[in-house]
Amino acid sequence: MIQSMVHVLLALISAPLLQGVINRVKAFFGGRRGQPLLQPYFDMIRLLRKGAVYGNTTTWIFRISSLAAAAGPAAILALLPLGRVPAMLSFNGDMIVLVYMLAAVRFLMVLGAMDTGSSFEGMGASREVLLAALSEVAFMLCLAALAAAAGSFSLSGVYREMDTFGPVSVMSATVLLILLLSENCRIPVDDPRTHLELTMIHEVMVLDHCGIDLCLIQYGSALKLWVFSALFSGICFPFAGRSLWADLLAGLAGVFATAVVTGVIESTMARIRMKRLPEMLSLASVLALTAFLWEILV
Amino acid sequence: MIQILLLASLGITALGAAACSMPFLKGRVAPLIGGYSAAAAGGAALLAAILVLVNGGQACFSSVWQLPFASFSLKLDQLSAFFVIPVSLVCGLAGIYGTGYMADEGNSTGGRLSWTWFLLLMGSMITVIAASNGILFLVAWETMTVSSFFLVTRYHEKGEVRRAGWIYLTASHIGTALILVLFAFPGAAATGSGTLVHPACSHGLFFLLALVGFGTKAGIVPLHVWLPQAHPAAPSHVSAVMSGVMIKTGVYGLLRMLTCLGSPEQWPIWWGWVMIGSGAVSALYGILNALGQRDIKRILAYSSVENMGIVFIGLGVWMTGASTGNALMSSLGLAGALLHVWNHSIFKSLLFLGAGSVAKASGTRDIELTGGLLGRMGRTGLAFFTGSAAIIGLPPLNGFTGEFLIYWGAFSAVYGDNGFHASVSGLLAITALALAGGLAMICFTRLFGTVFLGSPRSENAGKACETVGSMYIPMMILAVLCLAGGLLAHLVVGFLPGVSIASGTPEVLGRIALVSLALPAGMLLAGALRKILLSGRSTTTSDTWGCGYILPGSRMQYTASSFSLPALLLFRGFVSLRLTTRSNGEYFPNGLSLKSGLRDSFMHRLYEPLFRSLHRLSGWFSGMQHGRNQLYVLYMAAVLLILLLWELGV
Amino acid sequence: MNGLAEILIMLLMLTNFRLLGSSRLPACISTVAFQAVLLGAITLTTAGWRLSPWVIILTASTLAVKGVLLPALLRKAVRDVGISREIQPFVGFGTSVLLGAVLLSVCFIISRPFLDSAASEQSRMLIPGAMFTIMSGMFIIITRKKALTQVLGYLAMENGIYAFGTSLAVEAPFLVEIGMLLDVFVAVFVMGIVIYRINQEFDHMDTHKLTELRD
Amino acid sequence: MNGYWAVFLLPAAGAIILFLTRKNRVIGPVLMASALIHFAAVAYLLSTGYDPAAGSWICPDPPGKLFLAITSGLFLATAGYTTGFLRRDREKHPRRNDTNYAGCLLLFLSSMSLACTSGHLGLYWVAIEATTLASAPLITLHHTPRSLEAVWKYLLICSAGIAIALLGIFFLATAAGEGAGDMTIQGLLGNAGSMDLVWLKASFILLLVGFGTKTGLAPVHTWLPDAHSEAPSMVSALLSGALLNCAFLGILRGHSICAAAGMGDFSGGLLMIFGILSMLTAGVFMIRQTDYKRMLAYSSIEHMGIIALGTGAGGLAAAGAMLHTVTHSAAKGLLFLTAGKLVWMYDTKKISAVRGIMSFDPVTGVFWLGGILAVAGTPPFGVFMSEFIVLKGLLEKQQPLSVVLYLISLAFVFVAMTRLVIPMSFGRPSGNRQRPEAGKGDHSILGPAALALTLLTAGLFIPASLWKVFTRIAAFMGGSGL
């Protein structure tokens, strides 16, 4: 039980570090030294010291959307197992709650974006909800496959059982990786560093946030990255240590390894065309479906 | 005690209906009588139903009704009580809302009569759910249809309202024809012995008849065409009642018929498949069409089709679980479906009442002409926000609990090691629910964002003002119920009729309530942190970022159709999307217009061609009545000869 | 005794052919009158043992109404209307006669089952004869254009039915028989009035042009 | 000479008074008086259960009594409307003398009463022929070309049909052979067992086609839409509501004799075929209808089809069919009288020219839409009850095919009718006449209101004693005799 408390604390503290690792890996591939590992922390502290400017068309929805962006993933951490370390709160159906908590955060973020009344944010919101609709299907099917494979309906139970490296876990790992890339606006789906509003998806929804709101949003997206990395690494690197402390360390290593993997993917791949994104996500759902049928029929 | 309450509620509706139809009522008296008698009747019926549900058992009342095969016998057992609660609650609140909404047309004859029909509708709905005699059920069923027909054609000056009324009347009448057969089976309409019907024919045929008959009223896909036409045409508080609870009488009817078909374990497997299939198709088709609509009430009507699809998926999971012997799956499926029936009637009526206030305040139902109403209609906006969040199924609110139980039922088929049928049907249920959930997110962010957020797109949207108190209070009550439904579901789940709850469920629902409370708590914490940090600093307002464009106008905002167009283009196969671009002049066009519209592909490809061919066919036949006298006598001679030769075998 | 009945029935069949073949209205009216006379004779011959004063009065009244009164009424109508010939009906007169022959054979075929269970013996020839009269009456209604000719067709049908009624069936009460006779008379009388009014309104009598009422 | 002689002599006397006096003033009182007295006489005779001696010519059997009650009730309801209508119509042609017209109306009533009460088949035939002749002049009140054409068709086709029915009666007599006595219904039913089957079958076919023409069953219904749409409304109400029932009485008696002779399923089968054919034809012809009175005429054909179907199926369905005669007559009377009002208000019979009745004259609007919903079979009204009982009877007799066709044609007619009526009753009024001052002495509201009341009570309140009457008639038709 303490291990899961420690995992949550570590996650809250070291989530932005993941983004630092990704940037350093991309810099390394670009032959540059890159920004310091703690750069995300410096940005957040800089933003915390700023005042706030709100658009004149915005209402209370805009103000609570940034709060939700941070509070949502923080709440999800309670449900998140790290490898064989069980989550703080684990019960039948926590995987469904996780998916729908993410949906709740996305709902508020999208409404916040539409509140500003700008065409860019509207476009971002429209793309965001379309991709979310498809990725949710893939996510659910992948969870179904994992539940079928592990024979339990709670995330911690699943991650405890999934110790072998069979075909189902490979397919679910790929699906989880695609989901990680699409939910956290990494390169193949969406470029976090672009400045051209028309090409953005997630970034453009936060165009009008500044100061503390922007800091909360960045912190939230870091936590979300941690959540997806934990989900992915639990399946991709099934390491069964002797004691829970060893599992905790292994889990952390897995998370940072996922960050490195993401960095490698980001620097080697270019963005996929906007029209072909739905096909990629439906590929993910098909993959999850085959994993499920494999589990049922074989 | 319960009988008295039930009869009191029916009495109040009857008396109120009679009172409202009196010609000498002046001014605002009629809406007041109508509204508050609806509230009183609703309260009485609600109390009766809760009493029955809480202390189990049933309450019967029957008296002689001088009609062959008929007896005025009401029976409020668990299932009926469960369905009376949403009916009485929503009708009461809609009545109160109506007093404010129909205030300005109170004294016109049409206004007064609409209250008579409203009370008749409420009374007949309660009678339908409580009836335990075939004839009483049928009479109440059709009175419900006729009274809602008159309400739908309230504003009959407009041509499409008349057409909607006709489509509605014929669709429900054809549905009733099938239900008629159910009750006409020999040995049917057993009076007083509780079960409405003993099927004398094969159970499969009986089930199909019940499915199609009651499916028409529940708005399941091939039979749903009337729903998006009729509900927008009615006044808002009526469409709230129709969409919120009237389509539930279809689900109630189906469940009541299923109880007559013996225990679920013996049901054949294909029943479950039919239910899940129709539910999945309805859910996806309903929400996809909702994406493309511009009329706010038509969006909500299509989303009712979607939610009915979800209820049918839940029932399908229940039936598949029962017939493959998976007890957990069947109990969870039924619990999820029934809970979703409750939740849907609450948040759907909330959304329709909100839509009514928006339409009344901004003078239009077209969401492309509204915008930025949250600033001017804060309270309605808050209620609508809660409703939209609930309908998408987000955790703290009640939409999530129903869907969660259905998910759990489907997953229990998947992770347990039971047969092929259960797991594949579970998979189908999960995919349908997930995709419908995602699309619902698109639909309702689009609706709420376009109507309430951003800047107003037309001048009377800019001048909109908050609604009257009597319209706002029912919405607030419903919003609070949404929240309560989400957080206190574990208390209620024990009382669901016909559901043997597995031990862990209430405890899991309690955990979910806890986790979902973490989100608002976290937001409060972050908000407090932000407030402290910002206390010393300057918070100013400025224009939204427009890439430096100096004259940002409201036309620059993302419109509703552009918001949903990518999704519609992706699912073009399922819906008949029409994109018409018109430009005058070949090479130097000075004007270009793009119009994107969505036609109901079932109406457009199935029913209209059917009616056209019937019309042509009857044209071909009506040549027979050509007016020539001699040929008429020839028909007579021909018939005579044919009969003589055929019968006498000459 | 029944030899005479055979001849009368055969004459009845011949009158039908004459009715089918002739185009002049006055000729048709006289044929129908002659049929009525034949009818009376047949009833008398076949009445046989049931000859009672009532039957004689009845036959006399039938002769009076159908033989004299109705033809007079119809001839007056023909004179008022001024049309005396049926011009190109739907089926030519020659072909009508041929079709009449076909109808006769059909009648014989149809009446075969009735004959082997016929109640009384001497009706052997009567059933096909009467049936042929009815069928030719209907044939005239169907193929002729003028309204008056259709009335004649109706009268021929009535004669055929009477042939059945009075001879085969057990005699009905006197009042009922007179009632039937009165009805036929009033029917033709009313039809005459209507024809007169149609002729005034449309100044023609072709019923096939009356097709304004249709779907 | 028993009580029932008075029932049909009374209106005849009224007619003779009118023919002699030849004064327009007298029409109103004489008409109302004879209608009231006739209704009172019928009510008295039926309530006391007066049964004349078995062998006499005038002794109605159970269905006859039922149809007599319907006829006199309907005539009373339309009498009020008729006087008002004739007075209003004379405003246009002041010099016209209507006594002949009213006299024919009373003769029409007396012949229908004779038809219902006659115990002797021959006499029944005379009465039916008399109804045709009495009602022919009623159709042409205005001598327009269309009404003349309607009369001519009505006369010719009906007379031909009834002649065939007479042939059928003679076949029945020969089938009964020597021992038939004088062809009274009881007599025929008595020795039905010993009848010659070939003649009996042929006679039923002739009766069915003959009287079917008069009842308007499908292939031979062609005169009905023309006659009912061209006649003035109160006459078409009587034609549809009362005359069709009386004509159906002939087929009913033929069927009961066949059933008594053991040929019940033969005649029942034929009846059901004709019934379903009529319902389908009505549906087909109603879709493209442009004239609302013709629509009502086709609806009569459909309902006579339902009655034939129910009678053919027998048992519970037959009882339902008999209830259906009552509810159909009430509904059709109400609708035709309201249609009369519409013709007066909008001066046209075209459906497309009539808009917004509800807002133009709410009372007529409620009667019109309520009537149409009733006749289309929505529950609170009686028509639904009878249709439901017929359905229940059909299912009890295991007739799946006829149930399917029955439901399809009912739905078909409902769709067609509401499609035509809803645009008429809603929307902005297009009537050029100013709002009619309702109830200025022309008590034309009483008739429809009374009919609407009977329709509603039939739907909600049929006491067990009344229901026993219908089951007794069904038993009579089942061939088990009285």
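Points worth noting:
By written order: A, B, C and D. Residues from 1 in each chain.
Here is the rule we go by: contacts are C-beta pairs under 8 Å (C-beta built on N, C-alpha and C of every residue); 3 or more make two chains touch, one makes a residue touch a chain.
The structure displayed is predicted, hence computed values, not measured ones.
In summary, the chains found to touch both chain C and chain D are B. The highest number of C-beta contact pairs joins the chains A-B. Innermost chain of the displayed assembly, by C-alpha centre distance to the whole-protein C-alpha centre, is B. Compared with chain D, the chain whose C-alpha mean position is the greatest distance off is A. Between chain B and chain C, the centres computed from C-alpha atoms are 69 Å apart. Here the spacing of chain A and chain C, counted between their Cα centres, is 100 Å. Distance between chain centres (mean CA atoms), chain A to chain B: 36 Å. Distance from the chain A centre to the chain D centre is 78 Å, each centre being the mean of its Cα atoms.
Counting partners per residue, chain B has 622, 625, 627, 629, 633, 636, 644, 648 as the residues that reach two or more other chains.
Counting partner chains per residue, chain D has residues 149, 152-153, 156, 160, 198, 202, 225-226, 285, 288 touching two or more of them. For chain A, residues touching at least two other chains: there are none. Applying the touch criterion to all chain pairs gives A-B, B-C, B-D, C-D. Considering their complex, residues 622, 625-631, 633-634, 636-637, 644-645, 648, 650 of chain B touch chain C.
Residues 90, 109-110, 112-113, 135, 138, 141-145, 150, 207-208, 210-215 of chain C are the ones that touch chain B when the two sit in their complex. Contact residues of chain D toward chain C in the complex are 57, 120, 122-123, 125-126, 129-130, 132-133, 136-137, 140, 143, 145-146, 148-153, 155-156, 159-160, 163, 166-167, 170-171, 173-174, 177-178, 180, 182-183, 196, 198-199, 202, 225-226, 229-230, 285, 288-289, 294. Residues of chain A touching chain B in their complex: 48, 50-59, 61, 63-64, 66-68, 70-72, 74-75, 78-79, 89, 91-94, 96-97, 100-101, 103-107, 110-111, 114-123, 125-127, 129-130, 132-134, 136-137, 139-141, 144, 147-148, 150-153, 197, 207-208, 211-213, 216, 278, 285, 289, 292, 296. On chain B, the positions that touch chain D within their shared complex are 66-69, 109, 135, 138-139, 141-143, 145-146, 153, 156-157, 159, 162, 165-166, 169-170, 173-174, 177-178, 180-181, 183-186, 188, 614-615, 617-619, 621-622, 624-625, 627, 629, 632-633, 635-636, 638-640, 643-644, 647-648.
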